[in-house]
Every structure is written in structure tokens, then in C-alpha cells.
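Chains: A, B, C and D, in written order; residue numbering restarts at 1 for each.
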Amino acid sequence: MILHLHNGTSADQAEEIAEKTQSVYYEKDGRFILITPSKLQEPPTSFAEEIESSFVMSSDIQLASRSYRNEVREIDLKHTKIGGSTNNTIMITGPCSIESWEQIEQSADLLKSLGITTLRAGCYKPRTSPYSFQGLGLEGLKMLSKIREKYGFNIITEVRDASHVEDVIEHADIIQIGAKAMYDHGILRRCGKARKPVLLKRGFGSTLQEFVQAAEFILSGGNEDVMLCERGIRTFETKTRFTLDLCGVSYLKEHVNLPIILDTSHAMGYRYGVPDLTRACMAMGVDGLLIESHPNPAVAQSDAAQQLDFDQYWEMYSSLEPIAAAVGRNMV
Amino acid sequence: MILHLHNGTSADQAEEIAEKTQSVYYEKDGRFILITPSKLQEPPTSFAEEIESSFVMSSDIQLASRSYRNEVREIDLKHTKIGGSTNNTIMITGPCSIESWEQIEQSADLLKSLGITTLRAGCYKPRTSPYSFQGLGLEGLKMLSKIREKYGFNIITEVRDASHVEDVIEHADIIQIGAKAMYDHGILRRCGKARKPVLLKRGFGSTLQEFVQAAEFILSGGNEDVMLCERGIRTFETKTRFTLDLCGVSYLKEHVNLPIILDTSHAMGYRYGVPDLTRACMAMGVDGLLIESHPNPAVAQSDAAQQLDFDQYWEMYSSLEPIAAAVGRNMV
Amino acid sequence: MILHLHNGTSADQAEEIAEKTQSVYYEKDGRFILITPSKLQEPPTSFAEEIESSFVMSSDIQLASRSYRNEVREIDLKHTKIGGSTNNTIMITGPCSIESWEQIEQSADLLKSLGITTLRAGCYKPRTSPYSFQGLGLEGLKMLSKIREKYGFNIITEVRDASHVEDVIEHADIIQIGAKAMYDHGILRRCGKARKPVLLKRGFGSTLQEFVQAAEFILSGGNEDVMLCERGIRTFETKTRFTLDLCGVSYLKEHVNLPIILDTSHAMGYRYGVPDLTRACMAMGVDGLLIESHPNPAVAQSDAAQQLDFDQYWEMYSSLEPIAAAVGRNMV
Amino acid sequence: MILHLHNGTSADQAEEIAEKTQSVYYEKDGRFILITPSKLQEPPTSFAEEIESSFVMSSDIQLASRSYRNEVREIDLKHTKIGGSTNNTIMITGPCSIESWEQIEQSADLLKSLGITTLRAGCYKPRTSPYSFQGLGLEGLKMLSKIREKYGFNIITEVRDASHVEDVIEHADIIQIGAKAMYDHGILRRCGKARKPVLLKRGFGSTLQEFVQAAEFILSGGNEDVMLCERGIRTFETKTRFTLDLCGVSYLKEHVNLPIILDTSHAMGYRYGVPDLTRACMAMGVDGLLIESHPNPAVAQSDAAQQLDFDQYWEMYSSLEPIAAAVGRNMV
């Protein structure tokens, strides 16, 4: 259950109510918001005076639920907004990993020429083998900061584990939590205290319930700006890298109030399928599309098979425009 | 390996070559086409004179492969064609099960008003429980034949097991092989000898490789008119009935020469997600869309939760038109 | 709900009650047993006089449920019994496919030397490709009948689809329904009328609920002698052929009254793991172990990688004896 | 490829060779061990003098591979050893979470009475919801340290994320990396530098390849004492919490040189199946069994459904003894 306390309730009172109801809570614009375990199905009568409104929930999807807020949250991404009544679909692109200054500048030029404002590039790569390229780390983050200074983009980059979460929060405009880190409490709780939007990727072995509950860790820490990113789940099918779960996206659109971003690159794992899948996602009216592109995929140090080259990205981008128009979305 | 024998090779010669090469074969327009196990990687030199052309294959996806025919096969569905250079996307709808004459006439009227020419309705339901509605059987098939006489539609209906395959072949215009029967050799082999197009659904636990190999059973029997239908696979996610595998559809489009039909009703299992998913499929440029609709889903004897009512179908249909236009498809 | 009518209720009365309650029914020793859809939660008062006893069920697992019979059914397999209070674990072995008279005689000799009484061998192979060995068919069945005459074994062999179900019922002592045919109503219903025990394999994409419901098709047809066979499910892991679901076996042992047979050969797909897994199954106290063995696996026409040679089978058999003793099972 | 340099090669030389071959390396007993990416298939001739021996590998399973060391590593767990030629199966038990001093003392008494020397209890719980019990944290670790002082047990406890890895390393005797943290580089790399044995659990959505590669992060950091723990993978079956992958265990036993521990509690999720599954694992001859037990499962703050009470644990323990004897294992 979510409890909104009256404006003006003191911090001490809020803490006392939270303790008695085993709640997590945060303050927003002078109001305390408490979230009790979902099995509590009636507001506690002993605090009737302090409670302004209450929202009974059927599961631990609470702050993210349409039963709490029946709309997509609007999130301000500095250069643009998504969600709310914007009908915006944010186009995010860039290489899997930042590999060199030259490479990232080439990517920046692609974005500039298309009017795209959000650049993605990974510095800490969650590789499954210790014997492959692990990313440029802090050096990469600093290069991304320079790119922001030079081009004015929003930078989205991934935190891999809690050991470098402070560095990512410092250098990124949007913090990406990768699929393999979806359950990482160290990251989730820290992001709950951050003042920057978070893009949370679904673990490829995680249910929708667990996915949204991971977002609840961030939301209940007081950070209301969380986007969900579907990027493919692991199934028995191995001809493609993962299986993009668009049924799950339909579920999220119906039941959850967070903007939804789609990453078709990781789902497919092969560049030939990326444009088609991206067109499919656009037709579903999602809030964003996160696609990997690289000036020369053949020499990419990670995910070489799935990154589009710039011509392919450009061609795909053009083909998305009439579909966006058909479903009433603005590509931003 | 696929071997095309010269026109004029005799049946006896063809049989001898087939035996020596452990091949399956069929005759088409006076020419014998042999398919050897794929491990054979060089044409047998002893029959060099009889062999006109040969196609080496890397797996037992042979007749269906793009390495054999690098295009989508054109299939004539009586009222319309799909595949080839038609850019047609066939709209197929109707109830999960035929339940009564009145119900099926109402469905027929919906199709007529939208100009749709292919009606679906099941007579033999592959229910998982023996204690639920099992379908009208032969009586249902006869009603569908009457609908054809009255309205002139193409009828597509499902064969559940080999015990009634003859009846379905007699009464249907397009034979649907259901997901649970995908491996049924009795059905597959019989359909290989039928003179009617076949829509083969992917088993929900079946890999893409197995799916296309099931089609090979039909194709190698001499029936060249096979359509593949993706309808969702079974994964760990249970918030939706199945998981529609659009990555798999991308794979099929790249590697296989058969038209691809999408069934979003069974994938989603809940009507709220069907229109969105169907729009996604249209944006991928698929060859057909098979959607369940019912005059009154609340009283449907099977799949009540996922069938659209007529208003919902109509609204979805309208929303598909601009997307079809955007990707250059004709809704037929 | 299961309804036992009083002995002496007439067939007409039984039929009337069945119709009014939408039940499936069969007769056993002069008593009619009706099975209603499980949503019926109270016995119909209008037939209170005819109903001797009733069993309310929570799902469509009814006749197979421990809520109906809280024990493992005893099944008479001619040379031996399993289930009930026997503590017997039946050892079944033989080749994947019968390939020749010589091969099957060699297998028969192995069984004889170990005192095993049930021989497995497939005649109709449910291959995924039309371009590989498909089995000897009826010729194979006839050879198996001769083996029975000569050695006196029980023969278990697989029906692949409904087109040859009569032949298999005629020639087999135990009818095996393969994983790919688990949903085949044509087979299931026919086996419900057969007078021979049935071994039903779990579909590799099928839930436990669906698996047991498939058995309900047979049981509700009047054949009470059904064994369930777990043989591995399909998961994301591809280093092994399938994933043997022993958690599922625990579930079945707790909730279902049918004997449980384990097939570790198909689950593992590689002979190196078969003995270890078979020992694990024995320690769980299962009712039977179905293991593939072949006089010369290297030349086997199907499943070459997973069949044990005779030395390996013999060695595994010996290692099972102390484990059987430890858990109180008799190897028969 | 793994390269053993000659004893006496200097650190500078080792570093140079590592850099030139893009290797990770560590020092063990005065010898440098380098691990190159597995695609390197021939030892670099330019360093022929420094290289004592080399091991070519077919994948990035390298240090853990049977191609490198064809035996199970022996690991010293202070009170006992596992692996090597010990034939020991270590019994590990205790509650899911430490909840109070009283509770953990009761658990300690159970261990003492059975002669078990390794106590498990979680302090940082990787819950999927922020609104349920999260564990006692550092306070719990300190209580476990006191238990060690009082009873002399080995303590195994879980690190959930990198934010508290130092605390766990300080207080635990065996560091457990949970299923949800299997990919956490922050934890893996830190454990590679720790001087304590590590038990690494398989992520429930992780392949065997990824699982062992995660162990390679620790091994290549210089910590040679890693145990693998299979605890169930996520599949489509939901009647049980997860699916215990014993086929995977067979694979690991054949291909990997690390001891294997089985956790049947999390796999099953329901206590009724735990004893049967544990007997199955013992019959496979695994190196350890990690089972949850609780003085009063009904009031447990996490995993209440799957923990055994002490009578159940005791009964299961007794039933394991004859099986251990049958397969030649010592319960320690």
C-alpha cells in the first residue's frame, strides 16, 4: 500500500509511521510517501490523521503501477522530455563500447547530422569472459564528459557493478543499469538517491514482476525518473542472441506507469534483423529506441555482429519516420 | 543437397538415383526433384548426366532455404496471392472455435464488411484438458463448407491429429496444422500429398530449425505451398500466455523462402495487447495476420480472454492501414 | 469432480447424468465413473441417489490426483508389477531404433543375461528431419513380435502419430506415446480404449499440468494403466540435449497417483552423463528406468551419441544395485 | 591458452609477455601463470624461452577446464577438505537468513549434534522486492563471527553486491556469491584477490559456459579455491520454484576441475521435495550439499516454504548415509 502523508507531517512522525507499518519512505516536495509491504490491504487506522490518501496494491509493483498513477510518467531528459502527453520517442544511439576519441567523435557526428541528442557508449563492459576487452573504464567516462562539453549531448552510459557507481553517476546524464546488474541492490539503492534519470534494463532471465520490482528499489529511494528497457530474454531459441519480448512490452504498457525503451540490438544479436525489429517497436508506440551503431562494426571490440554502420542506421532512421507518423509519435 | 534432374528423366531412373543417394523426391511439372541428407556435400558423379542442377545445403533446411530460392514463394490463395512480388499481407480472422451457425454467420458478416476473404474457425480443438469443450468436429467442417458456398470465402481450419486429416483436407481451402501437431508425421506427410495450401504453426517448444524442418516434410512430399505461422513460444514469463518471437521472424525472413503469417492472439493471450502487437507485426512487413475475433468473446467456449470483439477488430484494422502504407504492404 | 455412481446404475442413467453435468465417463467393474469439469465444486443434488461418492478437485488433474487416490497405482506388466506396495523399479532397455534382426537379438541377449524382462525399441521414429532414417515401421513391429515369441519379453514401442496407432497397439505389450505426440488426441483417445498399459512421455515443452492432463485423456477413456515418463525439458541450456526435470518428478510423486519412469538417455543426449543421472533417479525411488543401449552405438541410425554400449549398461546396472538397496527398491 | 612461465621469470618479464599476448596473469608459488584469449591457438614463439608449458583451450573455460587439470581440485576448508582424492561430500546447513542470536544458536546446536562443521546463514538478502525483509547486514556478520568463536564452525555467508564485499570477506570463512550476483565483476575480481575459498552460485538464467567463465574471473585473479554451486535454473515450469539442472552437473563433472556443490532448497522451493532431490544429488557423487534448515520454518523471514525443520533435516541426513556408502562418498 502507498500512503501519502499530509503536507506538513514532520520527519519524526513519518519515521514513526514507517517503522510501525514496516514501510520504506521518501520525501517529495515536502510530502512523505510511504510504501508498506503489499500484503497490508487496509490503511492503519491509528494514523488516520496523518494519512492524506492511500493506494491499495495487489503486488509489490506499487509506485510503478497504473493503479497508483494511470499514465506514463513524464521524464525530463534535459534536451527533451518523454512520457506524459508528449508522444515523444527518443532515439538513442552510439557504439557498444567507447574505444577511442576518434571513434566517439565519429559517432557524435552521426547524431548531430540526424538531430539526435542522446549518445550511448559503454565504459565498463559486463563481459562474460575475463579474457576479452573489458572497456576503458574511468578514462572512457572522461572522454564522454568531453563529448558532452563539445556537442551538448545527453550521455547515457552503463554502470556494471557497485564498485564504480559513483563515477558513472558523476559523468553520465542518464545512468544505465545493465541487464546483468538488474538485481544489484548496491546500484539500485544508490540510484534511488541520485538526481539523474535512470534507464533500467531487464535481466534476460528476469520476469516482468522482478523487473518492475527492481525499479521499485530506485523509485522508493526517492528517484522518480526511471525508464524500463526491454532488451530480449533468454529462451531455448539460439538462432538469435535473445528473444525480444514484445508481449511483455504490451503487459508493461497496460500495467506500469514508467516510460518504455526498446533495445533491439542486443535482442537480435545480428545486424540484419535490427531495422525490422526497430520498426516493429516504433509501431507499438514505445517511448524510446536504443540502437547500437559504430563507424566500423567489423573492428568493434565488443558486439561486432550486431552494431549497425552509419549508412544502415541512417536508412533505418528514415524508414521509421512514416511509421512514427502513422502511430502519432515524434522522433526526438 | 537438392538435385534437379533433367526434364524427361524417367520415373525409374529417378527412383534409382533416389535410392542410391538416400533421397526423398517428388515430381513437379515433369521434372524430378531429389533431396538428399544435407551431409552429402558433393553431387554424385555417377549420375552426372541425369542431374541438371544441384544446390548444396548446410543443414536440413533445404527446399525452404534462401540458398535454394532467394525470394518469398508466391502462393495462390484463390481470392488473392501472397509472397512473390505481391507485397500483400493477408488478413485472416474469425473465432477460435465454430460454436453455432449463428455465430459463424455473424463472423462472416464482419469479414464481408471489411472485404476480408479468408475466414478462420476451429472444429477440432487441441485442448489440454479432456474435460473442456472439444469442438464441433465434422459437423463444424460441414457448416464451414456452407459458409463458403454462401459467402465465397477461403476457409482455413485446423487439423488436430491424423485421425481426421482427410476430413479437414476435404472441407478446408487452407489446411492449418496447429502448434501441438507440428511434429505430427501423419499429418505432415499427408499434407505433402494434398493439393491445397498449408499453414504450419510453430510448436511453442520448437526451435526455428525444427519448425522449418517440419515444413520440409510437406515440401518434400510435393506440396510447394506452405506458409509458416509464428504464434508465440513458451518461456519463463507467465504474465502473458506465450512470448511472440519476432527475432525469430527476422531470422525466417532472412533465411527461409516461405511466406510468414503472424498470430498475435495466441501469443498474448489477452485481448488488450493484441492490437499493439499486430501493429508491430505489420511494421515488419509480414505476409499475413491471423487474429481471433468473436461476436461476443465473453461467452466463447475457448480462448475467451484473447478474442477481439468486432469493434475492437475494426478499430485495429483501421489503425493498420497507415502502417501498411508506411511499409509498402497491401492489406488483402 | 469425480463421481462414482452406485453399482447397478444403468448405462442410460449414467449417460443422462453425464450429459447434464458435461461429464466424461467410463465403466469399471460394473460401476460408472464420471468426471465433470473441475470448476464444478459441489455434487449435483438432483442425482444424489445415483451418486455413491464424489471427489472435489482443484484443477483438471482429476483421476491422476492424489486427492482421488492417495497412493501410486499398481500396474500389472505381465512379468512383473510396479506401483502399489511393490517397491519395484522396472529396468527397461534396448536400442533407440530396431535396425535389424541381428541387432535386436543381441539386445535381447543383454536383457536375458541381466534378467530384465522389458525390451524397448522404436519402429516409427519421430525424426525432426525428413531426410534422416525414419524407422522400419510395420516390419519392425513384426520383428518385435517374433522377439517376444522367442524370449518372452514385454515389448514397449512408440506410436508416433495416429496413422499407425492400431498397429502399435496390436504388436506392443506396453504402448509408448512419445514426447512429440503427448498432445495427440487421436492417440490419447485410442489408448483410452486399449487394454494395454501406456507409458506417456512428457512433451519437452509441456508443463507438468499439461502432462498429467494428457494422461487424463487416457484415464477418462477407461484405461487405468498409465505410467508417466519424464525425459527432459527444453531450456536455454544447450550443452546437454535437454534438462532432466527432477524437481518436476518430486512434484509428481507428491501430487499424482501414477507410476513414474525416468528416461535419462534423451535428457542428457551424451552417454557420459547417463550412468550418473540414472543413479540419481534410482536414489529418488522412481518406478522405472528407461535407458537406451545398443550393441554398437557408433553405427546406430539414430541417437548414436547417447546410447550405452553393453559394457557400459552392465557397469551402470551393477552400480545401481547398492543404491536400490539403500532406498528400498527392487530392480525388476 | 594457459602459459606457465619458468620459475624465476621476473615480474617485469611476465608483465611484458602478458601485455604482448593480451593476457591476464597471476603468480603462484613463485611461478607466473598467464591466460591469453582462447582464440590464441599456438604459443607465441618470441617467448619460447620463458614458457615452461602451455595448454591450448577451445573456449574461455581455461583454468577451470579438465584439459588443464584432469581432476577435481582439492580445496582446504579448514575443518575438512573436498575434492582431490578425498571423496568427501561436505554437508552445509543453516537458515536462509540469520534472524536473531537465539535462532542461530539453535541452528548451531543442530550442526554440532550431527558433527557438521560448516554453517550457512545470509546477512544481505538479494530480495526481489524492496518492501520485504532485507537481512541483518553487518550486525548479522558480527553474530556469525561470534558463533565461529563459540562453536568453531566454518561460516559461509553471501555477498549480495560489491558495496559490502569487504565486510563479507572479513567475517566469512567461505565467501558465497549468490545467483543474482554471478556476473558481478566488482565481487568476482575482489574475490580473485581474497585468500578465502569462494562458493559461486550459478545464475538462474545463466548458461554453463557463462557460469564457469564467471569462475574464471576469480581463478585468473589468483584465487584457486573456487567451488561451483548448481541451485536450479529458470524454465517454463512454475509448479516448482526452479529446475535443478543435474544434466548440467554431469556436464560440469566431465569438463570442469572445480568441486561441485548442490543446493536443492532453492531449486525446489518447497520442503516436500528437498529430501528426495538431495538423495539424488548424493547418488551423483557431488562434493557438497547446501540445504536450508530453520528451527521453525513457519516464522522464517525469507524462504519459509523451502526450509526444513530440524527433524526433517535429521531424517534426511540419516537417509543419505547408506546412499553415500553405496557411491563411496564420505559425509563430512
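Methods note: a contact is a pair of C-beta atoms (placed from the backbone, for glycine too) under 8 Å apart; a residue touches a chain by one contact, two chains touch by 3 or more.
Bear in mind that the values here come from a model prediction, so they are computed numbers and not experimental data.
Novice: Taking CA centroids for every chain, report which one is farthest away from chain B.
Specialist: Chain D.
Novice: Taking shared residue numbers divided by all residue numbers at the interface, is the value for chain A and chain D over half (same) or under half (different)?
Specialist: Answer same: the two copies use largely identical residue numbers here.
Novice: Suppose a student superposes the Cα atoms of chain C on chain D; what rotation angle should they report, nearest 5 degrees?
Specialist: 180
Novice: By the contact definition above, name the pair with the higher C-beta contact count: B-C or B-D.
Specialist: By number of C-beta pairs in contact, B-C is the larger.
Novice: On a C-alpha centroid basis, what's the spacing between chain C and chain D, in Å?
Specialist: Averaging C-alpha atoms per chain gives centres 38 Å apart.
Novice: Using Cα averages as centroids, what's the distance between chain B and chain C in whole Å?
Specialist: So the centre of chain B lies 32 Å away from the centre of chain C.
Novice: Can you give the whole-Å distance between the Cα centres of chain B and chain D?
Specialist: 48
Novice: At which residue positions does chain D touch at least two other chains?
Specialist: 205, 209, 234-236, 238 - these are the residues of chain D that touch more than one other chain.
Novice: In the complex, go through chain D and note every residue touching chain C.
Specialist: Those residues of chain D that touch chain C are 205, 207-209, 232-233, 235-251, 253-254, 267-268, 272-273, 276-277, 279-285, 319, 322-323, 325-327.
Novice: Where on chain D is chain B touching in the complex?
Specialist: Interface residues on the chain D side: 234-236, 238.
Novice: State the interface residues of chain C toward chain B in the complex, per the touch definition above.
Specialist: Interface residues on chain C, with respect to chain B: 22-24, 35-38, 60, 62, 124, 126, 128-132, 134, 160-164, 180-181, 183-187, 190, 203-206, 209-210, 213-214, 216-217, 220, 234.
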